[in-house]
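What follows is a structure written as C-alpha cells; I'll ask about it next.
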Amino acid sequence: MPTFHEAQTSVIELAHFAASRGWLPATSGNLSVRVTDHPLQFAITRSGADKSRLRPEDVLLLDADMRVQGDGPYKPSAETTVHVALYQKFGCGSILHVHTVYNNLVSELYADQGFVEIRAHELVKALGHWEEDAVVRIPIVPNWADLPRLGSAVAEAARVDVPAVLVRAHGVYAWGDTPDDARRHLEAVEFLCEYVYKLDLVRLARGLGAV
Amino acid sequence: MPTFHEAQTSVIELAHFAASRGWLPATSGNLSVRVTDHPLQFAITRSGADKSRLRPEDVLLLDADMRVQGDGPYKPSAETTVHVALYQKFGCGSILHVHTVYNNLVSELYADQGFVEIRAHELVKALGHWEEDAVVRIPIVPNWADLPRLGSAVAEAARVDVPAVLVRAHGVYAWGDTPDDARRHLEAVEFLCEYVYKLDLVRLARGLGAV
Amino acid sequence: MPTFHEAQTSVIELAHFAASRGWLPATSGNLSVRVTDHPLQFAITRSGADKSRLRPEDVLLLDADMRVQGDGPYKPSAETTVHVALYQKFGCGSILHVHTVYNNLVSELYADQGFVEIRAHELVKALGHWEEDAVVRIPIVPNWADLPRLGSAVAEAARVDVPAVLVRAHGVYAWGDTPDDARRHLEAVEFLCEYVYKLDLVRLARGLGAV
Amino acid sequence: MPTFHEAQTSVIELAHFAASRGWLPATSGNLSVRVTDHPLQFAITRSGADKSRLRPEDVLLLDADMRVQGDGPYKPSAETTVHVALYQKFGCGSILHVHTVYNNLVSELYADQGFVEIRAHELVKALGHWEEDAVVRIPIVPNWADLPRLGSAVAEAARVDVPAVLVRAHGVYAWGDTPDDARRHLEAVEFLCEYVYKLDLVRLARGLGAV
C-alpha cells in the first residue's frame, strides 16, 4: 500500500489526467487513493478545489468517519461518504468521481431502467470482461440529496464485476485495485457512454429505437 | 480588492483558460476584473485582441464611463457597457463574456421563452443552488445592436441568484465575487448548455419533445 | 509587406494554429502569406507536409505561375492555383485552406443552393459585417478535379464583402489583409459552420425544417 | 528499413500522436513498425500499456510467431495476430490499430453491408485515390473473439487499394509503407468516419435516408 505522500502524488496525477479531458468542470468531482485498510485511511481531493490547478495541500488524508488527519484549513467534500462506502464494500485501491456530458446523458436516458447495458462491444474487456458475447450492465442510481443515503445507494447498486456506477444527472463513480486500474475503467465507461448516446441518436433517426 | 496589476494578471489567466477551451473565437469575447468600487474601475480586455495571445498592454483600466485610465493606443470594446451595468447592479468582482456553439444554440432555441430552465441537475450547485429539487432559470435577452441598450437588458434580466445571462445568437455573460467564482459559474453554464442541447436532441428523436 | 523570411515564419505560426485544432488532417490543406504584389510572390506550404510538424524548408516562395523561387527538393501543392486566383482578384495578404468535418457538412448540405446564409448572428461581425440585421452568404462551389478550373470557380464565387468560399465535400478558403485577419475570418467561419449544422439538426428533429 | 531502435522511437512517436487525440482509450489499441522482412520482425506496443505514457521498454520486438526477441517482463498483445497477417499480405512498413467512437459507430451502422462507401469526397486522395469520382469502400469485418481468426478476417477483407479495415464495435486497422503513410491513412479514415456519421444523422432527420 502507498504512503500518504505517494497517494497524494497519485491523486494529483489523476486530477491532472481527468481535468485535462474536461471531466471535472466547475470544481466538481473528487478523486481518492487508499492508504491503509484497517483502519481505513485514504487521500482525497478537498471540497471546492479546481482540479486543473491542484496543489498538495488540496489533498487530504481522511478516515472512515471522514475526519481529516493532520492540520490544515480545508474540509473534505460531502461526497466523501460515497468513497467510504465503496472502499468498505470492495477494498479497492482508488476511486474516481467525475461529471461529463455523456455520462450525464446516459444516466438520464436510462434512469427508469436502473442500468445501461453494453452488449457486443470490444471495450468491455477494459472493464474486465474477456468472455465472448459479454454483456455488461452499469447500474444507475437516483441522485439522492442526502449524501450518506447516496453513499449507501451507490455501494448497494455496485456489482463486483462492473467497476462503475452512474448517478442520475450527476456523474459516475469508477474504481479499481490501483489508480491505473481506476483510470482505465473510467476511460472505458466514458467512451461507452459517448458511444451509447450517439448510437441511440442515429438509430432513433433511422426509426429503429434506441439500443 | 486587487491592484490594477493584480487584476491585469487575473484577466490574462482568465483569457488563457477560456481561449484554451475555444470559447473566444475570432477575437470575440471580453473578460474583466474589478479594481475599485467607488468610483468603479476595472481591468478589461481591449477590443479586437486575440485572447490566446494576450499581452499585459491588451488589458485596459476603465472607469464607469468607459474612459481608459492611463496611456496606450488601444480602445475598450463597445460591449464594455454590459460589464459596467453588471458591476453597478451586483458589485461583483469579475465578469466573463464568451461565445460558444452550445450557449448560442440554447440561446436561440429558448429565445421565445426568455429563459432556459435547468431542473434536477447536480451542477446547479456550482451556480450556488444547494437546495434539493433546485430549479434554475438562466435568462435570455435579445441581441440588441445598440450596446447601451444591451447593457441595460442584461442587467435587468440578471437575477441575484443566477450568475449568468444568455444573449441570443451571441454568447453568455457570467460573473462572480472573485475571478475563480466567475470561472466556476461559466464552466457550469457551458456544461449545462451542452447537456440541454444534447438531451433535447435525443428526446426529440424519441418523440418526447424537448426538456 | 513582409520579407520572405517573415512570411515563412507567419506560415509556420498559422500552421501551428490550424493543426492544433485538427483542421489540417492527413497532410491536407495549405496556408500562404503574400510577399510581393507586382509581380506576385507568396510563401506557401509545400505539397504533402504534415502541418503539425512544419519546418522552414516546407514553406516555398512561389510566383503567379507557381514556379518555386530558389532551390529545394519540394513541389508546391496543386491547389496553389486557388491561392493565385484569390491573390489576383483581391490583393489580400494571406489565404488559409483547411478541411474540417463541419465545413464539409455545410458545404454538402447547402451545395444545391450554392451558398449558406448566416442571419442574425453576432459572429458575422468577425467577417466585417457590423450593420444591424446583417445577412452573410458564404458561397459554395463544386469540387472541380481540374485545379485551374477550381481556382477560377473559387475566385468567381468569392464576394468582396465575405472573405471565405466553401468547396463541396472538400474544405474552405478564407483570406484577409493580414495573417491575423485571415485567421479571424477562418475561426468565425468554422464556428458558424458548426452552429449551422447543429441548429439544423435540432430544428429538423423539432419538425421545423433547417434554418 | 529501420533498426529496432529506430522503429521503437517511431512507435513511441505514433503513440504520442494517437494518444493525444484520445484514440487509444483505456490502454486499448496497438501500434507497430516493421524492422525486417525475411524473416519478419517488427516493433509493437506491449499488451496493457497506457500509450499516453509509453516508455521504450513498452515496445517489443516480435517475429511472425509472436515470440518476443530479447529479454523483458512484458507480453505482446493478443491482437498482434492481425499485425502479422497484414505484414505478410502487404509487406507494409507500419500498422496502427485504434478505437474511436466514430469508427465504432460506422462499423456498427454499416456492419450488415460489410463495408462503408465514401463517394465524392476530397479526403479519399489521402488514401491514395486521386482519380475523379473515386469511390472508396472500407471493409468491415465481424469482431471475432478468436484472434487468429480475426487476423485472417482482416487480412482477407483488406484490399490493396484501401489501406484500412474496420472491425465491428471494436476499432480500425490502418497501414502504410512508412509510419507517416500509416498515420496519414488513419487520420483520413477517422475524419471520414466522423463525417459519414454526422451526414447520415442530418440526412435521416431530413427524411432522406443515410448516405
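Going in written order, the chains are labelled A, B, C and D, and every chain counts its residues from 1.
Quick note on the criterion: contacts are C-beta pairs under 8 Å (C-beta built on N, C-alpha and C of every residue); 3 or more make two chains touch, one makes a residue touch a chain.
Everything numeric here is computed off the predicted structure, so don't read it as measured data.
Taking each chain's centre as the mean of its C-alpha atoms, the one that lies farthest from the centre of chain B is D.
Interface of chain B with chain C: the two copies contact each other largely through different residue positions, with under half of all numbers used appearing on both sides.
In this entry, chain B maps onto chain D through a rotation of 180 degrees when their C-alpha atoms are superposed, rounded to the nearest 5. With centres taken as mean Cα positions, chain C sits 43 Å from chain A.
Separating the centre of chain A from that of chain B, both taken as means of CA atoms, is a distance of 30 Å. Listed for chain A are residues 201, 205, each touching two or more other chains.
The residues of chain C lying in touch with chain B in their complex are 21, 120-123, 125-126, 132, 180, 183-185, 187-188, 190-191, 194-195, 198-199, 201-202, 205-206.
Across the complex, chain A meets chain B through its residues 22, 25-28, 50, 99, 101, 104-105, 108-109, 143, 145, 167, 169-171, 197, 200-201, 204-205, 210.
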